[in-house]
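Following are the structures in question.
Two complexes are shown next, each including chain A; its partner changes from chain B in the first to chain C in the second.
Let's look at the complex of A and B:
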């Protein structure tokens, strides 16, 4: 059917397509342009902003070098082992918390949230120090306990690299799985039990297949993230001479003189292609599946009685908490009060004095705070706008903004940062932004927006269109409806997206690594420099402790906001009406979404 | 208060027509129900009237206002149409109190501040909820929520009231009470109303006229009594619960009544008066409740004998499916009536029965000459 004639007037066209176009244009410069510039940059002979001429030498250098392929292989090994282990661990813990009578299960989610909010940098440095031979706590303890001459632990190995990544990603898997686990229709499980299946059979034949779409979605996300991760391999792998694809890209810039930007860009292309192919495969696989896990009624679930096994489950949870939180945090805390790393029994504030007296570090603290707040806010705003336009617009173009954001998922932090450098140094007007905090903020907004969308879009989908229709027929204009109804209802998810985005942006190392210098220092980059160029573990630890103190402050503010705005909003909404009318009946389309939405993340 | 007229309304989603060329006129103060199964286009029609959907073709006018006209390039935004809508899922804004919800339309229409309070109170009094004004809407029961939604629809004194299956989220007891609430509000205010439902009881009890919709068209429109007792087509008859539909041959007339021989049957059925309808083939519909059963033979026309195939006990009634001279026939008779004839019904029993000629409805739109009827199937 052709579009009706009277829609052809330009005012109507503007009304239909306008919001989509506005959102798209806002996205274009920061989101799409850098990717274009990256491709252009791979074909230039000189560094960004320095002119040069067209050449394919970058591609030749990279793709004739066998290291490119061997590191790609290593990255695939890293990604698959981390994915398998962290999916097992994360799904297991989510199941134990949601579906069993494991003791202390209420404590697990807060632990996971803290691990998620703690930058990987922190975890990596903590473990670097813990398993350092001979100075780390673990080896010291082993020597003291068994009287051997040296301890057995060394983190700068493949198991160490995989292990530290697993600690972080398990928390992400857990937080993404807890929602679907909770939303699973318990009548399906009860039906299986009454059909004569044992608990174990029900778990393997009913629960896991039901969760398969969610699990496979999370697994794919983990795999993609691990394929492109830079920070942990840089801190853990490189000192042990383990190189993966991302550190190899970084080498072209950091360990080549002059930095070979075109080779780094050319090498990024293959990674992007691999990730895009993976995402496309995943989408087409998921299109065939029906989602039945999310059902209407929520009842107090009948938990599985684990008997004696519940202590084993608790043991796993406790071990995880020790490894992911208690030990690294303890080590860094202790380390920050040591005059020199490894000297126990002698405490000093010298490291903190050093942090306070170094202007660059003080700047970095202020900048990181600003980045967390501003980038988180902008990302949340974009995320909400995109999800809303995507859901409500009738324009044929409505998927455009969403697609351009999801492209970012295929862009590893380092690659994004490379693309940003090209875009900002090559385009005259944008050059002024180079070397500023604003540029870091823009880049980090781009980087965290997809995650912020995850945190907010579920709630937007849940707001019934009837609530807006009711406002329109009550006499409210489109704008008024948005302000007085929609904005109020999505405020809690907005705050959640802001918090998630802020934490991620502030703790990120990959993105600012190429862009942060003496004029716009950030804490993660400063910590990395202290650690990698001067091996100042104690100083790095002190900076991190300050960093965490800062985060706790943000978190406290967040909690206050949470209490004031969010909890009230959630209570109102969840209490609203029998029959779950919020998730608007007739018009609600079932969306083939893979990843569950976990707004508490 | 105003009349409503819809001409040639057409709407398609992705190539498949939901409404095709619908015409409808409502008189001032009339209460009309759009009745039909899900997917028949009734809700889409309502949303086109409210301005929440844009039709592809056609015109809608209410009072002096052109709501939408494809040919004249007019599309009035929903907020300017001054209609009140009661939604299926209540659609109360969870972040506002009862008062806030009901006052919202007044605020949007720039009613002066001192006027708002008395008008909200008045609207809430109409639905008997003025004491709950300060409550958050989430603290109300489903029935109360739908009453608040009704008050919100009424408070702006809309020229049209639209109901989109307002009772379908309520349980049976609440449904009856909110239904009578709607009825009493309408009898007091007499606003021109369009009510969408798939429930025939709601349609019959509330409306001045009922329009039965099928596949984007109005299949039959008339007073509840007309539609219920004289369906014109097979679709309407089936939707309104006629259990028995026979296709048959017209083999004569007796005054106003047709004599119809159901296909493959030895007996003939005398129908209710049909006026001047003519043709050689037709469909006739019989409600199970207009069939009488007995253990002794009946006299007169439309009497038959048959064997009980299966029975279902419904409490005060018994439903029996019989093999009769007319073919398979479903009958529903009062339990005690059969029992008084000596014991209960049982399968395999030989019985006699009769259908009053006034209970045999000739479906007027299905009367045709043999050639045209072609493939009209038997029940």
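Let's look at the complex of A and C:
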């Protein structure tokens, strides 16, 4: 007997919209509820849960204040400058590593990983010590070398603020672009060359358009992150009288008595509007260029011979390595062996004794590792699930989960942290997690999922539906198909998303600042306490050095284990099967795609 | 100086494996190096001297202390959770308390600017109620009192604060527990002691122009804002002074510790107002930093307020700490930390090398009820000058 029409329609609607709605429901409490609470907070005279009345005074205060618009202008300048420069630098270096014969190109990726893993606070602190005028080492060296009365460097300026941010974001851009660069359909490039196009023409007419979705996605991520960045502007900008939108939001909380949470929330909402508009613009632009795709056969392509220019490329890479790694991290390393950070001439191991003898710090180090591993994994899993549903769904609502996730990026960490506290403490079960590591992990998963999505969604795009269809026809359930087909095929990108998310979660300061208590201290919070509450900067440097040393040890062990597992796996596979089918019957290439591969159009 | 924090019991086992690595690396490094005799541990020197109970607590209060101590212990209140802006530096103070009252320990957590109300309300909303006492500057404590974060308590050792509109609010929710001392710090490699500015007026001298001066950001709560507010409220300085200061090409400095470090590392030749205890800590480590406690034109002391949190889980123990905070023993510990006590009964209430509290030429104190008005009244003007 045939089902009635309305039942069939309902079933069809459920089939089309169901998965999206399920994902949205899963995201509602962790992602959407904080944003809802923020809107509520903007319209209340006191923080949610503290009584108060409904009022629009927060909006009136914020949007009648000229400083709102001047700082917004400054933030737009900062975000635009950093985005343009870091995209140029990051994409250029990814291209030089992947597509050219630049010398020492294998060293670039490890450098980028280390820069990425170094907390911004330390990058900024390192440069504050290096290029402060007049006390910075670079200025002292300049004065000593040229006999001038003062040096030319001053980090507490616009170029300094932009430059320090560029150093960090270029590493993120590079890591997010290296995969797409590697996964480009090289047959188009070969065709262009065969047709007589020059290298330059091929780059601008073929390679860059091929990468447009990935570049625009990463550019948007960078732009949005820079709109809400707080730590570097506080450390580098404020001493130079440079104030941006996020520092103004921070002032409503930290510089107003009692804290004007409604004004901070109202101000943050403008950022959310900006992000939604940017998302719409980005999607609209890419839709018009839908002919541009990256997925295709991964034919090996010969590298571009740069001739003498390869040394120039190497020079850029070396300069970046010096500026982003050697100089600031070297400064931190030296500082960790000084009694007073930045005062040279005396050496001591006291700071490391301090780390060893302070239980709170050891507890924080352990928590931070736990957060990095668990939050990174959960964020990667969530990111894959959201990307997968969105990619496979034909529902008109499929953008809903993505927008929910992206909105979070608009909120400066401290505001996001407040919104999360308000939201999660209103849920009976979740409130029991207050003052636990679990609460921090949930919050940090929310914070890093947008970036993990950026790192994983490209891999989803690349998977043909043929294998999944085949699995379903063979009787596999949806979950089994997802786990045994999709997850296995995207494993390298999943690991990349895990790593990226894990680093970001472990190094985040803003979110745990409100949620970290006696039972759940984290390393960034402890370091920040040392930095802001005591004069023990050298101790803070020693904490970081200890953490990095531990991280390197664990990473080395991990690499050894990974290689052992890999070798055993390859041996087993070569004994059992002739090759691994990826899509449409083609064999996978053993390129070890360890980073995100592509952005979707 | 070692931050005083009690290791949460739940975390010890879980953290031990990874922490062992950190410990191993640090100990290995420490074992093969120099002794670092000028380094940061200063707890020995800063420990409060041992006193008899009657001289430490005041003979008239010993019985009350004993009764409260007994009651707190009988109720199983063995850990006091303190949320304080100075948690990382108040270790010796907490040590002295723990030594006086064995079996009751203090777990102190740092309070970051702007987070007091949010943290206390979250603590209450979670139902866990972990915090017993909060302690930080006037701005945030007043905000907390206004939102009902604290409960009324009048320490039996602090009767002198009754009716004092500067030191306690009318409901006895919060009260001044010590004064943080602010000084003009200078880099001894760049400025000779004889050439250092001796007061606020000296800072306008042309030799300090061109980025040599660093001022704690006066647009955010903290020493910079207090200096500017106190100057204007006191009346000895007006806005034209601030304009002149700005014209010197000053650099704005962030946290108190950042201000002290900026001076020690030579980022600025002179920084103000800088925490006296930060200067001491850096100088002890060999940092080239000296200080001037302004002899003329007004001394700046920042009152640090304290209050028992509403529904504090360890109420009797918290009250015990509040009462103890004004005893001769606590005053001695505060002095060694580089702070003044507000208690007038202590004749030698002064950190080493500083004049007695009773002799200070303080800026006119601001009544608690007026602090917000005094701070926020000229805020727009200050923001315009310094931003």
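Here is the rule we use: the second predicted complex is superposed on the first by the 362 of 601 C-alpha atoms of A that agree within 3 Å, B and C clash if a C-alpha of one lies under 4 Å from a C-alpha of the other, contacts with A are read in each partner's own complex, and residues count from 1 in each chain.
To be clear about the criterion, a residue touches a chain if its C-beta (ideal position, glycine included) is under 8 Å from a C-beta of that chain, and two chains touch if they have at least 3 such contacts.
This one's a predicted model, so the numbers in the text were calculated from it and none came from an experiment.
**Q** Who does A:308 touch here: chain B (first), chain C (second), both, or neither?
**A** neither
**Q** With both complexes overlaid on chain A, does A:251 touch chain B (first), chain C (second), both or neither?
**A** Touch partner of A:251: chain C, not chain B.
**Q** Applying the touch criterion given at the start, work out whether A:429 contacts chain B, chain C, both or neither, answering first, second, both or neither.
**A** In the superposition, A:429 touches no partner, neither chain B nor chain C.
**Q** Quick one: classify A:513 as touching chain B (first), chain C (second), both or neither.
**A** Only chain C; A:513 stays clear of chain B.
**Q** Of the two partner chains, chain B (first) and chain C (second), which one does A:347 touch, if any: first, second, both, or neither?
**A** second
**Q** Look at the residues of chain A and decide whether chain B or chain C touches more of them.
**A** With both complexes superposed on chain A, more residues of chain A are touched by C.
**Q** Once the shared chain is lined up, is A:196 touching chain B (first), chain C (second), both, or neither of them?
**A** Neither chain B nor chain C is touched by A:196.
**Q** State whether A:46 touches chain B only (first), chain C only (second), both chains, or neither.
**A** second
**Q** Of all residues in chain B, which touch chain A in the complex?
**A** Spelled out, the residues of chain B in touch with chain A are 12, 14-15, 17, 43, 47, 50-52, 54-57, 69-75, 77-85, 87-95, 104-105, 108-109, 136-139, 141-142, 145, 149, 152, 156, 162, 169.
**Q** Please name which positions on chain A make contact with chain C in the complex.
**A** Of all residues in chain A, those touching chain C are 46-47, 49-50, 67, 128-129, 132-136, 156, 234-235, 238-241, 243, 250-251, 253-259, 261, 339-343, 346-363, 365-367, 369-370, 414, 418, 421, 425-426, 431-432, 434-435, 513-515, 517-520, 528-537, 539, 542, 546-547, 549-550, 553.
**Q** Can you name the residues of chain C that touch chain A in the complex?
**A** 1-3, 5-8, 10-12, 14-19, 21-23, 25-27, 29-30, 32-34, 36, 38-41, 81, 85-89, 107, 109-110, 112-115, 117-119, 121-123, 125-128, 130, 139-140, 142-144, 146-147, 211, 214, 217, 219-221, 225, 251-258, 260-261, 264-267, 278, 281-282, 285-288, 371-372, 375-376, 383, 386-387
**Q** In their complex, what parts of chain A are in touch with chain B?
**A** Going by the criterion above, the answer is residues 1, 4-7, 9, 12, 464, 466-467, 469-478, 480, 484-485, 488-489, 569, 572-573, 575-579, 581-582, 584-586.
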